[in-house]
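Note that chain A is present in both complexes that follow, paired respectively with chain B and with chain C.
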Partner chain A sequence: MTEPVDPATTETMEPVPPPVSVVSTLIHVIFSRPATIVAVAIIVAFIFLAVFAPWIAPYDPVQQSILATNLSPTADHLVGTDQFGRDVLSRLIYGSRNSLIFGLVSPVLAAFFGTILGVTAGYFGGIPDRLISRVIDLLLAFPELLLAILIAAALGGGFWNIVAVLTVAFIPGFARVARATTLAVKQEPYVEAAVAVGLRTPMIIFRHVIPNIAAPIVVLITLWVASAIRLEASLSFLGMGTQAPNPSWGNIIRDGLNNLFGSPWPIVGAGLLITLIVLSFNLVGDALRDALDPDTSK
Partner chain B sequence: MSALLSLRSVSVNFGRGEKALRVVDGVSFDIDVGGTLGLVGESGSGKSVTSLAVLRLIPERLGWSTRGRIEFEGQNLLDLPADKMPEIRGRDIAMIFQEPMSSLNPVMTIGSQISEALFLHGWPNRAKRHARVVEMLRLVGIPDPEGRLGAYPHQFSGGMRQRVMIAMALACSPKLLIADEATTALDVTIQAQVLELMKKIRSDTGTAILMISHDLGVIADICDRVVVMYSGRVVEVADIRSLLQRPAHPYTRGLLESVPRKGQERERLYQVPGSVPMAGSVRQGCPFRARCSVAVDKCAVKMPPMFRFAEDQRAACWVSAEQSNAPVIEDLK
Partner chain C sequence: MIRYLLIRLLDAVPTVLLVLTLVFIAMRILPGDPAISALGDMATAEQLQVFRDKMGLNDPLWQQYFSFLGKMLTLDFGKSLMNGREVVDLIAFNLPYTIELTLAAVFMGIFVGVPFGVWAATNPNRTPDAAMRGFSLIGYAVPDFYLGALLLITFSLNLGWFPINGGGEGLIDRLYHVFLPALTLAFIKAAFLGRLTRTALLEVLGKDYVRTARAKGAREPRVVYRHGLRNALLPITTGLGLSTLAALSGSVAVEMVFNRPGIGKLLISAIAERDYAVIQAGVTVFAMFVVAINLLMDLVYVLVDPRIRVK
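== the complex of A and B ==
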């Protein structure tokens, strides 16, 4: 060897591995568990039903018929009819729209506000932290359903009120997680390095802190989707959510309860669907957590 | 040569009032334009805190405070309003940290991380930034810099990450580079490569370097002057030749003794007996006296001032000063 060798090129370098995308990890995790595949299929079918409800539902969900009350399942009415002669299947299909909208909108909104609060508390510490943390503690002291009932009773029903109710009920969970992960990320040398490079606080938060706490927040969103669906059903069941005659799984059960001996089909149908969907979202949430959390995926 | 950075009686306290811990006590030294200064000492001697104080990265809200003067190009950084510091950080004074494995944001590509520093300090043009990032990566010896821009930190080895950190620090052509144990976490061959790189950068760009290390071998390799710290105080400042050939302070002698040498007969490596007292716990006398083999009664009573041993060598030791008849330095100006 006569030529001088650049020390950098002699250092053993692995060839650049193709970047392992989150999506491919996710697909791998989902398809390695049969239960998760089923859960994903159920969720896809559920979203499909909700989006295309007007085309799929055989009848108008609010149309009553004195001639066809309390029917057992027949070829015409696959899940029977209720005490007003409304087709239960159509009501269940339309009811999925409420569950989907509330189930998705409120966790996402709660994640947005909860992250702002949590990051503020975690990053700045001191007085902002104490203020935010105490309010969060206060909210956490109430079970979500109780909190939701309190707010719903004060505000009344209506779409945005229910969204607001569910959002407020979920904010504490997100704020807690965001605060805790921010506290950890704040200690990381790359945050100190960012300060040393001359970054100002807002840029550090948006470019270095939030991207690094995104994974647990995303997992939390999927886990809360199930809870949001459950809570919306509970509120509607208690008469504080979706108002009759509009169908929601919660108020289908409520209406059915008064007529349990006339026709059990609304309760059976809606109850089964709620169980199935909540279970499916929880299973997918677990899979997502395993895919995004570096500690459990290895 | 005029000083680029000069510290005068810099003290860093933790806490206030009676209970305050003086972690760094009256530290003074200069770095010339384009010079390299080594800062050595054991863990807990205050070297990292001193370097953080220069960039004002000391968390003041947690009860830390810095006193004295830290003059950079004639301007006292401690007098600057806090919102002016980000303009200095990265552009005039850049820093490389100890942990190359975690000093890069795992969710950002290395290209955008280097680019970020440039964007902050007057490089609004995207294409020019891109060209500069490629140039910097090439300078620090990353093969295929164009292709590596989109790579994430986990795709690099530790040595390569430290190169990326150096590229990031040098991107804005700082006048001073502070390297806080920049090679400590690397194995010896990579360490040698990174040191070669820093020497090359120094001669290519004229960037002054403040090298912090507990390893005198590393310091001797790259620095022309050395500051030895012990328990938050400067015990000896000298050019590297004087320090290696005629160390004035017994602590410096101890440090030199404990460096392993090729062909050394001794079975066990020398160690300075005892351990470093907690910073600020010694309030009277010389902080090193408990571990010093030559300590006399006077050492327990009064903290020795700086004595001049040679043109560019000063040390704080009563015994050595008496032996070599060194005059006390009245005022460091």
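== the complex of A and C ==
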């Protein structure tokens, strides 16, 4: 044992579970609770709908027809038609695409930027930590929807603006968790060992810190997919998200409210879908959290 | 106690400044040219110039910043670009409706949520507990504007029990108008508070002093309320602060659904009409509310848990 310890050796000696076990825990988690199985099935169906919308939807979602406005559900139009004679089912199916895109893109982007900020604050401490923490605390004090409305008020609508709004609204949450977990991981013997053997800081951060704070971040992403879907729907409902005539579950409800005396079906259908999808993602997120990260709770 | 209050108040000063700075940055720098966003692409160069002079947009940025701070702190919000009314009057007219909706929602949420949570916690893993779990799952998932629309369709449109829109005149009429909107938000608050109460109370009921209370023969209601719920108040108070904030942000969509006057509806219409002065004022008012609610929660903590005063 006279030779200096090679970083590679310490790496293999670490009791870090291999990634395979994460996958098997995942499968175990999903199939151990009946509610979670149903939730996963709903999510899979939702993704399938969104991806294959053009093949599944019976009509063009923006095709208007003056002759067939405000129809109740029939065999031709399973969820009826809206005040412009557009087929509601087709609009709901196409609307799932917006929910899926915003639901996935914003949490992942927020996780990326939030992790950078949180790890910087947690690992280096000092002035960067004070600055970042102060802003995070301030932004966390705002409910996400209010924050999103305030940013959207300044930025306006449009695809990338909505992505930006949702991302900024989510960054503080990720940054806080990344900072807290980095502070904890920094105290671990393997990080001390890595510092002691003279590993460079970027190497320590990427090889030792980030892999060990990944689990809570991943759990947070799953939980926030649900929030992102709900937020996008809220913004579109308020007229600041997806713009007409493009369908989104939020603006279908918006159109429906302007047509209350015409037909309640668009509202009922779109709202049910949002509730169902958000519920499913919440169930899966909770199950994941219990499995991967029993200590943290949102 | 007084020292603690002063420290908390002083601590809010930099927060307020930071919030105002962020509003300034968002309003002046992000959207490009406020003159164009206010007057539209069709405005002539001359109109834009007049507008910039009037709004002080030609001054150096630091000068604009301090004049902005001064104006916001003295509630000088300027005039609406759409109808020329003083923005502070618009805010003063709409604010009571939003406050009344938020308060009504929070009270209804506590009134239903906390007893439901206690009921679930005192019957763990039985029907009340399962009902609580189902209720909270739905409450976490259902969007407020959807729930509001369903209530509106069912109780106002089809049954005709409640008014379809407006804020009402006079106390009784206003309470009548606020009921369905508040119920919408309260449903979601109750799910959240109920779940929180259940978790907090279950933890406390497992403590030694609760066992001691039972051992010395205290009756069950006394154990649950005197020994249990009192000690579970701190997390519930945190939840109360969070749900007040959530009710405030939820009020925006609910005001749109029920076509009720309020700051949220004012802000959303201003955004649609690009009414720059009203947007700025609405955003500032909401931000200040968030700061104020957080400050208020800090003060409530002290009342609930005297140990915090010492820290």
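Of note:
The working rule: the second predicted complex is superposed on the first by the 273 of 298 C-alpha atoms of A that agree within 3 Å, B and C clash if a C-alpha of one lies under 4 Å from a C-alpha of the other, contacts with A are read in each partner's own complex, and residues count from 1 in each chain.
In the analysis below, a contact is a pair of C-beta atoms (placed from the backbone, for glycine too) under 8 Å apart; a residue touches a chain by one contact, two chains touch by 3 or more.
On a predicted model such as this, the values are computed, not experimentally measured, just so you know.
In the superposed model, A:A193 lies in contact with chain B only, and not with chain C. Once the two complexes are laid over each other on the shared chain, residue contacts for A:A244 go to neither chain B nor chain C. Measured by the number of chain A residues touched, the leading partner among chain B and chain C is C.
By the touch criterion stated above, A:N212 is placed in contact with chain B alone, chain C being left untouched. In the superposed model, A:A141 lies in contact with chain C only, and not with chain B.
Residue contacts after overlaying the shared chain place A:I47 against neither chain B nor chain C. In the superposed model, A:L131 lies in contact with neither chain B nor chain C. The intersection of chain A residues touching chain B with those touching chain C, taken from the two complexes, is empty. Across the interface of their complex, chain A is touched by residues 15, 18-19, 22-23, 26-27, 30-31, 37, 137-138, 140-147, 149-150, 152-153, 157, 245-246, 248-250, 252-253, 256-257, 267-268, 271-272, 279, 282-283, 286-287, 290-291, 294 of chain C. Those residues of chain B that touch chain A in the complex are listed here as 55, 57, 61, 83, 86-91, 94-95, 97-99, 102-108, 116-117, 120-121, 140-143, 147-148, 151-152, 155, 157, 159-160, 163, 165, 168-169, 190, 192-193, 196. Chain A meets chain B in the complex at residues 6-9, 11, 13-14, 16-17, 19, 125-126, 188-190, 192-200, 203, 207-208, 211-212, 214. Within the complex formed with chain C, the residues of chain A that make contact are 134-135, 138, 141-146, 149-156, 226, 230, 233-234, 237-240, 253, 256-257, 260-261, 264, 267-268, 270-271, 274-276, 278-279, 282-283.
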